[in-house]
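Each of the next two complexes has chain A plus one more chain, namely chain B in the first and chain C in the second.
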Partner chain A sequence: MSFQRYLVRRLLLTLPLLLGITVVAFLIANAVPADPINANLPPNQLNNETIVRAFREKWGLDKPPVEQYFVYLGNLLRGDMGRSIKSGEPVLADIAKYLPATIELSTVGIVLGMSLGIFFGVVSAVWRNSPVDYVVRFLSLIGVSFPIFLLALLGLTILHAELRLLPGPGRLGFTASEPPTVTGLFVVDSLLASDFDTLRDALRRLILPGFVLALYLSGIIARITRSSLLEVLGQDYMRTARAKGLNERNVILRHGLSNALIPVVTVIGLMYGNLLVGSVLIERIFAWPGIGQYMFRASTSQDFPAIMGVSMLIAFIYVVVNFVVDLLYYFIDPRIRLA
Partner chain B sequence: MKQARQWFTGLLLLILALLLSAIGATAQDEQVVVIGHAESTDSLDPARGYTGTTAIVHRAIYETLVTFPDADASAIEPRLATSWTISEDGLVYTFTLNPAAVFSDGSPVEASDVVFSFNRLKNVQGNPSFLADPIASIEAPDAGTVVITLSAIRPSFLAELTNNAFSVSNAEVVQANGGTDAADAATADAAGAWLDANSAGSGPYILEEWDKTVRTVLVRNPNYYGEAPFFDRVIIANIPESAAQKIALESGEIDVALEITADQVGDMESNADISLFKSPGLAVHFIIMNQDESIGGPVSNPLVQRAIRLALDYSGYLDLWGGVTPGSNLAVGLLGAYSSLDGTAVTRDLDAARALLAEAGYPDGFEITLEYPDFTWQGVNMNTNAQKIQADLAEVGITVTLQPGELQVALERYRAGEAGFGYWFWGPDILDPLDLLAFLPGGKVATERAKWLTENASADLLDLINQASLATEATARVEIFGQLQRYMQENAPFAPFVQPDLTVATRASVAGYVWHPQWALDVALLSRAG
Partner chain C sequence: MVLAGLLVVVFWLAMLLLAPLLAPYDPLAQNVRNRLQPPGALHSMGTDELGRDIFSRILHGTLVTLPAGLAVIAFGALIGIVVGALAGYYGGLLDDLLMRITELFMAFPTIILAMALAAALGPSIQNAVLALVIVWWPAYARIVRGLVLDVKHRDYVEAARSAGAGDFYILSRTILPNCLAPALILATLDVGNAILTFAGLSFLGLGSAPEVPEWGRMVSIAIDFFDQWWMWLYPGAVIASLVMAFNFIGDGLRDLLDPRLRGK
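Right, the complex of A and B next:
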């Protein structure tokens, strides 16, 4: 199959998926047996007919659900995701405001987690059943099973409050000003503004939450890398590579690891998608104004437009991540190209 | 390839150099205080925002006509108004403004600004707008006099005027930025966004920046006509988790942590760098029993209701959360409230409770389901209290099944009066004993949620309620509300059991912290110790 045809087919497949997501998200949001007026109007106004009616009219809640859905879909096709009840801003603007903080943190988390995970996975596979292997497997088990919020609080208590090695919660110090917004990523924006104090602060504040995410991820990645590499190491072509006289480092890294990484890439892609939408706990504990916290507020206040917007974002992120992973397969795995 | 590697090494070195470069401690003469707070508002417009966060911010940047003392709600004191009179019929309030008062742009605070602000509050139909409902008309006969006419007698009106919703804003500035007080302000007013980023008040601070969900920055108002506050700059940092607030306070990144929970207090008590302030908050936690027999079943019986009040282990809840035992649903701290502090609250008496149950026809108790939200409010976990209620009532033979619900779902059943036996909490909207009327026949909670209706109430009780809603003189009010509270201890479908402590922690270097039931924190009172 040609690359173009592969690309077009993948893109076309995502459309019904996204449409399906709007239906599911809308049904779930409407199935909750609670009225958004309770969450968004103060108790004293719930008896005020005029205010309640005005609220329902303003947010389209007075229309039957089916009509609400098609109005939403129509607006969505025109690129309008509606206005958040809670913030009063367009949902798209809210997402643009909160997503960069999450992207910045998730990227640091996934890069650190991937580096640690693959490194320890390889070490563990090469020296399988040695003390090193046992230690790595034990640590990765802890990484996987340790509650992430506890890890975050322990990290803050020990490394920040006690040892004063790293800064505390927040993307920047509370007395610092944000760099002028270009991308919303503080590391990039402060570099563009040549504001090196802010850059240093932003980088230092990424270390702790980034490592907390990374420790959790690296546990899983190390275990998958290990098992995948072990499987590859037993293959015939590995024996061939050794027989050709290649040195052991080349055999493992070039012939072993590059083949073993295919399943690892899939997992990393999904994990990155997970991080972009699922770091609610880490964002709350680190006072990180990202999409996770936005989602949390939207769901606790039954902010329908925001809930729908975030659901669409989640779906979109997974579609993109899966798409990128599929593209990577195309390059990594010759069988797809030949099929 | 080699070039790429060199370039990459260079980049790594640059990042390393940035990380390691000297800690940029730029000398600051400015006095700054950083407050950790779980931000709760979506608007800083006084006519729209109505939350714990707006109470703190508005206290700093706006002023009201009258106010409370620094630490409690025991008296009404002047603020923008130096004096006021109330007409004989209790309907017309005339305020004389302080001629020295000026807005942050230097222009004088005039009666027309008050008229504009209050009319705008009423017509914008924002969350706090209901507070302006009692006002029939408001006029400015001259620049220094405001005349407010009410539609009915309202003994709590001055207490309500202390609310930050009645902040007086600079009419000219707000109008210039899209504001209007006209009848169609709900749709025509466009000043909300401007007021989220700027302030137009006469308070000791002005709003410099509000980065929603990140931080609020206040700077000293250079034109403030009163005593200048100590701090040049106040930063209210949004830290939603109280555990993170505690850590940031311990490390010194923040000076004040506003939302500390009871279970975090332990190891901070021995920390010499930290001061703790505890005082009963305003939230009264109570059991509600439906008077409609088809919904409430056994707990609709007044004898059973009284037995349940006698069966609760009140001191046990104080051990859990600190605070006080309220004597009724009137929050302790408000005028005339009964409480465990002076021995006027109900105390546990298991024998009397069992006797009442037997009299009601339940000598062996009964089974019932307790509905409540799976929720933690101001550090008080409602599951913990529900389990204690279950254990307390088991001692008199009542078998309670716990049914925690998602907050919004449970709230809906509670508000519609569909739950037979529930556990909720209530914080007064206005710091006045009139708030208790919500829990008496004719009031919202009694009527809608407990089905305690006026047609089932005795003539004596209705007469007392009527007196309470009209009396304005303090001694008479204390007497009337005392009678109401004694009545409720005997006959009411409510069992209030605890009013938990609120804890705030500050660095020991911060002086002047005072908790207030209305605005929680007045940042203008803060300073550095020593």
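Right, the complex of A and C next:
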């Protein structure tokens, strides 16, 4: 199959899913027992006849539900997700403000988590049933079983409060000032501004939350890598590779791992969800001003436009991430190209 | 490992029945003069910000978290099995429709959809469980559908059909019994995860009311009393022990039943 055909086919499967997400979001937003006007406007505007009427008109609330959905979809396509009740700002602007902090943290988390997970998964599979294997398997089981908030609190107590090795919660300390916003990622922005003190502070503050997130992810990745590599190690082509006289390192890394990584890549795509779960909980503990913190505040204060905006955005990203993973398959798995 | 897991689970199941008898104090009784006491002779796990006994609250917490996790799995699996069975058995348009709906629900990360639903329905334990059931069933629907597709053309199913059996009989008597084992393994592997996610929702304030002794909620309240480590360490460790126990059992079951892993 040519890449173009594969791409078009995947796209055709993805578009209905994106549309479906807007339907689900619309349904949940309309399942609120409360009146949508009460749920979406700040209390002090409820008595203001003009604002209420404008709101009703903008979202087509006097029309039948099906028509309402299309009004909603139309507004959405123009990038209008409504206004957050709590901040009073357009939801999209809020998201743009909070998203970079989450991207910065989750990038550190997933890069560290993948490196640790794949490394320990390989070690554990190669030295199967050795003490190393048992230790890795036990640790990865702890990684998937420990509530991430417990890991975070333990990390803060030991490394910050007791040993004073790492700074506490927050993206920056009190003394540092935010670098001028270009990307919203403090590490990148402070580098662009050549502000190395801020850069050092931002990096140091990423270590602990990033590492906690990584521990949580690496448990899952190590387990999948181990079982996938074990399955591959038993294949005939592994024996062939050894029979050709390749050294063990080459056999395992080039013939073994490259085949074992296919399911690992799938899982990493699907793990985007776990990454967000982790981020929501970690951001709460580390006072990290990211999208998880925003979602948390929105959901505990019934800020509906914000909740639906974030859920939809996240579902969209999820679909897009998995679309990209599907495209990656094309390059990783030659069977798709030949099919 | 499996045995250790079983022991821990049995221990907590026993606590489910014995908590009211074993708890030394009323889990709701406040005693502000006695607040934030570290673990000691009177309070083996210390007291919280309102002077409530943490040990008693943890014991009573069993009554909330464990049933909640089990309920999520039970209802989620039930809905998933019905949807998966119908989709796999009837195929065609119904299959397409049900599977697209399933995929749709899978596109929302668990906690985000659960947060939106819990916020829409209002924060309470029942609503948190309901929200988790709504995000939990698709995985089961997918698995059961695959299994039904595999089983439905077997000879014994054809035999039942040629003997004149109706759809309901064929599905419930010949097909489903052969699909349930893998779904049950998934369920065991999943209990830990359900408890963890429930605790996470609760931690975010979307489960129980603050006064209810619930482990996730206890940890969440303790964040503001970070230096009083006993307030978060004990409930957190209890969640970890239970989740780890279920994961041990699930792992063991899978190793036992997956012939590819046996004997290695």
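The definition used in the following text is that the second predicted complex is superposed on the first by the 295 of 339 C-alpha atoms of A that agree within 3 Å, B and C clash if a C-alpha of one lies under 4 Å from a C-alpha of the other, contacts with A are read in each partner's own complex, and residues count from 1 in each chain.
We adopt the following convention: a residue touches a chain if its C-beta (ideal position, glycine included) is under 8 Å from a C-beta of that chain, and two chains touch if they have at least 3 such contacts.
Computed from a prediction, not measured in an experiment: that's the story for all the values here.
> Touching A:I285 in the superposition: chain B (first), chain C (second), both, neither?
both
> Once the shared chain is lined up, is A:L276 touching chain B (first), chain C (second), both, or neither of them?
second
> Applying the touch criterion given at the start, work out whether A:V135 contacts chain B, chain C, both or neither, answering first, second, both or neither.
Neither partner.
> Quick one: classify A:L156 as touching chain B (first), chain C (second), both or neither.
both
> First (chain B), second (chain C), both or neither: which does A:Q302 touch?
In the superposed model, A:Q302 contacts both chain B and chain C.
> I'd like to know which partner A:Q293 touches here: chain B for first, chain C for second, both or neither.
A:Q293: touches chain B, not chain C.
> Who does A:S87 touch here: chain B (first), chain C (second), both, or neither?
A:S87: touches chain B, not chain C.
> Can A:L165 be said to touch chain B (first), chain C (second), both, or neither?
Neither partner.
> Return first, second, both or neither, reflecting whether A:T175 touches chain B, chain C, both chains, or no partner chain.
After superposing on A, A:T175 lies in contact with chain B but is clear of chain C.
> Following superposition on chain A, which residues of chain A contact chain B and also contact chain C?
32-33, 153, 156-157, 161, 284-285, 300, 302
> Okay, in this complex, where on chain C does chain A touch?
Those residues of chain C that touch chain A are 100-101, 103-105, 107-113, 115-123, 192, 196-197, 199-200, 203-206, 216, 219-220, 222-223, 226-227, 229, 232-233, 236-237, 239-240, 243-244, 247-248, 251, 260-261, 264.
> For a test of understanding, state which residues of chain A touch chain C in their complex under the given definition.
Contacts found on chain A: 16-17, 20-21, 23-24, 28-29, 31-33, 128, 141-142, 144-150, 153-154, 156-157, 161, 227, 230-231, 272-274, 276-277, 280-281, 284-285, 295-296, 298-300, 302, 304, 307-308, 310-311, 314-315, 318-319.
> Once bound in the complex, which stretches of chain A touch chain B?
32-35, 38-39, 41-48, 50-51, 54, 86-88, 98, 153, 156-157, 160-161, 164, 167-171, 173-175, 178, 196-197, 199-200, 203-204, 284-287, 289, 293-294, 300, 302
> Within their complex, state which residues of chain B touch chain A.
15, 18-19, 21, 24, 32, 34, 42-43, 50, 125, 127-130, 186, 192, 211-215, 235, 237-241, 243-244, 247-248, 250-251, 253-254, 406-409, 411-412, 415, 429, 444
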